[in-house]
Amino acid sequence: MRPSGRSHDALRPVSLTPGFSRHAEGSCLIRMGNTEVLCAASVEGRVPPFMRNSGQGWVTAEYGMLPRATHTRGEREAARGKQSGRTQEIQRLIGRALRAVVDRSKMGEVTVTLDCDVLNADGGTRCAAITGAWVALSLAFRHMQRMNVIKTLPLIGQVAAVSCGISAGDAVLDLDYAEDSSADADANFVLTDAGGIVEIQGTAERSAFSEAQFLGMLGLARQGVAALFEAQREAVGGA
Amino acid sequence: MRPSGRSHDALRPVSLTPGFSRHAEGSCLIRMGNTEVLCAASVEGRVPPFMRNSGQGWVTAEYGMLPRATHTRGEREAARGKQSGRTQEIQRLIGRALRAVVDRSKMGEVTVTLDCDVLNADGGTRCAAITGAWVALSLAFRHMQRMNVIKTLPLIGQVAAVSCGISAGDAVLDLDYAEDSSADADANFVLTDAGGIVEIQGTAERSAFSEAQFLGMLGLARQGVAALFEAQREAVGGA
Amino acid sequence: MRPSGRSHDALRPVSLTPGFSRHAEGSCLIRMGNTEVLCAASVEGRVPPFMRNSGQGWVTAEYGMLPRATHTRGEREAARGKQSGRTQEIQRLIGRALRAVVDRSKMGEVTVTLDCDVLNADGGTRCAAITGAWVALSLAFRHMQRMNVIKTLPLIGQVAAVSCGISAGDAVLDLDYAEDSSADADANFVLTDAGGIVEIQGTAERSAFSEAQFLGMLGLARQGVAALFEAQREAVGGA
Amino acid sequence: MRPSGRSHDALRPVSLTPGFSRHAEGSCLIRMGNTEVLCAASVEGRVPPFMRNSGQGWVTAEYGMLPRATHTRGEREAARGKQSGRTQEIQRLIGRALRAVVDRSKMGEVTVTLDCDVLNADGGTRCAAITGAWVALSLAFRHMQRMNVIKTLPLIGQVAAVSCGISAGDAVLDLDYAEDSSADADANFVLTDAGGIVEIQGTAERSAFSEAQFLGMLGLARQGVAALFEAQREAVGGA
Amino acid sequence: MRPSGRSHDALRPVSLTPGFSRHAEGSCLIRMGNTEVLCAASVEGRVPPFMRNSGQGWVTAEYGMLPRATHTRGEREAARGKQSGRTQEIQRLIGRALRAVVDRSKMGEVTVTLDCDVLNADGGTRCAAITGAWVALSLAFRHMQRMNVIKTLPLIGQVAAVSCGISAGDAVLDLDYAEDSSADADANFVLTDAGGIVEIQGTAERSAFSEAQFLGMLGLARQGVAALFEAQREAVGGA
Amino acid sequence: MRPSGRSHDALRPVSLTPGFSRHAEGSCLIRMGNTEVLCAASVEGRVPPFMRNSGQGWVTAEYGMLPRATHTRGEREAARGKQSGRTQEIQRLIGRALRAVVDRSKMGEVTVTLDCDVLNADGGTRCAAITGAWVALSLAFRHMQRMNVIKTLPLIGQVAAVSCGISAGDAVLDLDYAEDSSADADANFVLTDAGGIVEIQGTAERSAFSEAQFLGMLGLARQGVAALFEAQREAVGGA
């Protein structure tokens, strides 16, 4: 039995609220159980130096956690004067995940920055951020289309992410904080609606895992993201 | 006529939602019109070095703004590696305001940190932060009381804040961003429910103002905070 | 009786020495009792990015304190790698105060930076900095006039500042460090020679203060700055 | 045909030179083709705060690249004042990988830091660092044993890493820089000599990959690390 | 003929004003021509970690330059967030120079920090700082003696410094800024009143110099410091 | 007898290996006894702002030490977020030394950066860095010549460096770490093959030294660099 009472293949309740940030070109507040991440897409009319005059746009992400999103207060990164290695790792991951489903040659030379800020944390914040950021990004592209900045949506498909773990030898879907802390291994899967794998990050927390266990997690992840893709489509349609 | 259509002495709609941060000992999401600030109080069992062995507690604040809380995206302070002068000024103000209504000799040697994070900004964020932080702090003290850490609430009274401005020569209450940008002068008033002045910050933005204008703003502020005190009491009672 | 033996409405002895910095376009060493601040105005032929092509100039300030200007040695901010919140708050105040009496459309696209460095501190350093910086700025403008860079002085008037406090229930003028440490409240007033208010910063240090007490302080401040305006005129005339 | 002329399942020539750092308790210079990483293990008699009084030791890693290890000179991180996100990601990975094969309850309360510095870079530096760091760590543990600090080697097994990629649709082993830049996807595999998976990081660089492609890469990786385990054993035996 | 009209072996006018910093245990404002450096000695009852329980004291220095001490305004190091390499080089030199004439076993476990801040710069600031810091240090030791913290002065002798240069092939004493900028080589000599050499820093600015030229500079330096030692003794005696 | 058994005028075994960095335009691994420094020259087609449009090139250096180059592990400067004063002092010295033998008017507007990274430290790392950097720089200039970027080598001569010390009253050549730690004084000499002095840094570590002792050290240094010039010529010839 999982601590939350969920079955091994059950996602937490998911909700995607578009438009939470009043000023952003696109935004989405994603809730997966008690994890809440605010994703805001900002469109700016310039690209980083290494992309200039390429005719292509850029998509990047920044990640943060409010100091008291967690059980005990964490130090504010702005006060500490630097972002942790974990923060940088996560924001690089989010950026890569989103770029995998964007045709950047159709964006024009603009940058879309996805700010993903965790308001409440209960495990799986990086996955929630990716899933929510896709909605924010889609809404921002639609905004650009309405403003006649672009003619067609530069999206190749949908991307969403979910974590799985090995708990008591078996694979389980969508870990919350309690499970994440006690799992033997966990993995984050970033997948597309076309069935492709964009990113896999699997880590043995307590002991090395086997190929079979890994494939068990991958199977659950495929099942989990199907529901997330559906929720994304509803959120974008209802914006 | 004010840009928002409000009369010169009208506050924006105010709402105070306690408990938004699931993990914090006390928290409050305050909305004043389109300004939204999440205030979370964290209790930690140690005090800064200069307070050690004083038998007193400490109350402090940190302030932040999500990058896309504003019309155009602002740089993330954690990424930039330092907090702006404005941020530091505001968090020092919030801390002083709260300490003015706390009897720190009755807290025990604990620190309460008020994290005030702006989710959406439309003027008056520092004032909203003070008003909301008082609710978060009160709830945290009640939590400490329930846990038997303290016997009586170490609160001397309520504190709330509101901004006023001089617009076209006249004093107006509770500026939103559009008014704030065009006002000739503005002032932030931090007041107690006993009628005392805790802090006044008045600044001539365009031209110096007169004593009469200043007193006009102070009068409106007194009127405005009365409604905020009422809202605070409801929020705390309903927690 | 005040610790210094002064009456409640007496300034400390004031002296303004122009030209202390040999290389600056304008400079002034201001002494108010045992507080000494060196103010140097530097003219540079460029403006910050947000002012470019505006046809206007910029006036800004930086503030510092020598490590041993104080009773016990303070850490050197350059060694610590960042300026404190207090330093940033003060230098922002000085800049705003000076800009309030400058017609920046008549400066040309130049920046004047006022460096205000405290050599000895005995309370009231930010007020002394503002009063002395006005002299340094005036001398720099005169220098620009002599060099035929500008035709008329872009000064609208004089600005000076003084602190007041509530001590044993009564308002007193121009606090030194001993009084500042024990006052119930204190306020800094930045005023123009035309009687306008440029900035008010009032803070309850021990207990909230009343409107009557606040007006008592404002009255003393008006009286105090009259003498400072006179001293400024002499310093500029005698340069 | 691969740019290097290697077959799809061929590693680059590997050499492991123990003892390159004269002062370190254990060290190894690893060469994989034109990639050279110097790995040095330092034993220090204290653990980080979160491990104190746990009776367990700690193993951590730091990673760096000499500015001219690469085709064009990179900025020196020490001069820039911070480590890049990539650097932090890699050093966190190395630390996790090594900890997976250490029984930290048998180390005593000491910290072993693995410094992995890239002298020449031609792709695969993080994998080379893990493989070389295991040798440095083993030698440091043997040194501790000789010094009678520990009785038995606190090693559970061997760990090594190799990258694979998808190039023209097919899986290839051990990418060099030229291949890495043009691969459709790549993945780093950290594996144990007992056949377990410690970490998987797979990333679609150009387009999402399939499960079959992923399993193709995993199969090559298993084959590749077998040779690395053999080389590690020789290096440690010959120290 | 030198730009200043001085003969090749003439120092600039020197004055040493003790007691400029009101709060410091010892202080001295040194003027060498148009160069002015404020040296303040602070005594604190603790030593750096590496000196703890050694029974010895520590003497160290920090150096700074007011932004407008120079012809054109320099960036404020506190604002820039770090001290330049030049600043660090100079403050390390001052510390070493002073420690060379202190018997630290007689100081007790206290630290004396010499803050040397350049108010006006016209060449030779590091040498002036050393000469002035010796006076500040001596006065601080006398203060400690009067307070009965130490019985005897822990000074072994006097130390002073002067620069020399090679100008048009010949050695000249005590360069001002104009000469320093055009010299072929320059050297700083830190010497004791007993005739010993504490530190020599000779640098070819334009072309390498010969041993004979070097010895010419050393001879002038010996002559120059004799006058500085005399001035130091007067300053200390008259404090 | 010296700890190493060398006679007072004996250098440690020297070897200069060109080409260690595969990507650099010029590089050299220098070994002096157990001290090993990797020097890499990078040519970039731009100059710092203060040199733009001067028609001249720039030569600069950066210095670093691997954390475990030393007996006990030193903190990684990149992790600490800043370079130490010692590091900055040394890299400034290396840059000045190299510029003394370059005719920068013949380089074109390019920058050559010499990265000097200490792989193993046993005293004399800054001197070894200078000697090795000259080889790296020469090879980079030859590379530019082969690429037809420059017609003639912009080198005026050779530069090399060696340290000397006063041990038991007598001058000794080329200190290793053990001697350096116990010497009464030490000095670094940067000399040209034409017999000129480029830089002298002499420091009394324990007690002031005399002119005679200083000249004794200079004599040994002259003798020592003769062998280094010979080794440099061989290394460059054999590249």
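Labels for the chains are A, B, C, D, E and F, by order of writing; each one numbers its residues from 1.
Following the convention adopted for this analysis, contacts are C-beta pairs under 8 Å (C-beta built on N, C-alpha and C of every residue); 3 or more make two chains touch, one makes a residue touch a chain.
Keep in mind that what you see is a predicted model, and the values were worked out from it rather than measured.
Colleague: Mind listing the chains that sit against chain A and also against chain C?
Modeller: B
Colleague: Could you put a whole-Å number on the gap between the CA centroids of chain C and chain F?
Modeller: Chain C and chain F have C-alpha centres separated by 50 Å.
Colleague: Quick one: chain B and chain F, Cα centre-to-centre, how many Å?
Modeller: So the centre of chain B lies 59 Å away from the centre of chain F.
Colleague: Where does chain B touch two or more other chains at once, residue-wise?
Modeller: Correct list: 81-82.
Colleague: Starting from chain A and heading to chain B first, what is the chain order around the ring?
Modeller: A, B, C, E, F, D
Colleague: Sort out for me which residues of chain E touch chain C in the complex.
Modeller: For this pair, the touching residues of chain E are 20-24, 27, 34, 38, 40, 42, 44, 62, 64, 66-73, 76-83, 87, 113, 115, 117, 119-122.
Colleague: Under the definition above, what is the set of chain D residues touching chain A in their complex?
Modeller: It comes out as residues 82, 84-86, 88-89, 91-92, 96, 100, 187, 191-192, 194-204, 207-211, 214, 218.
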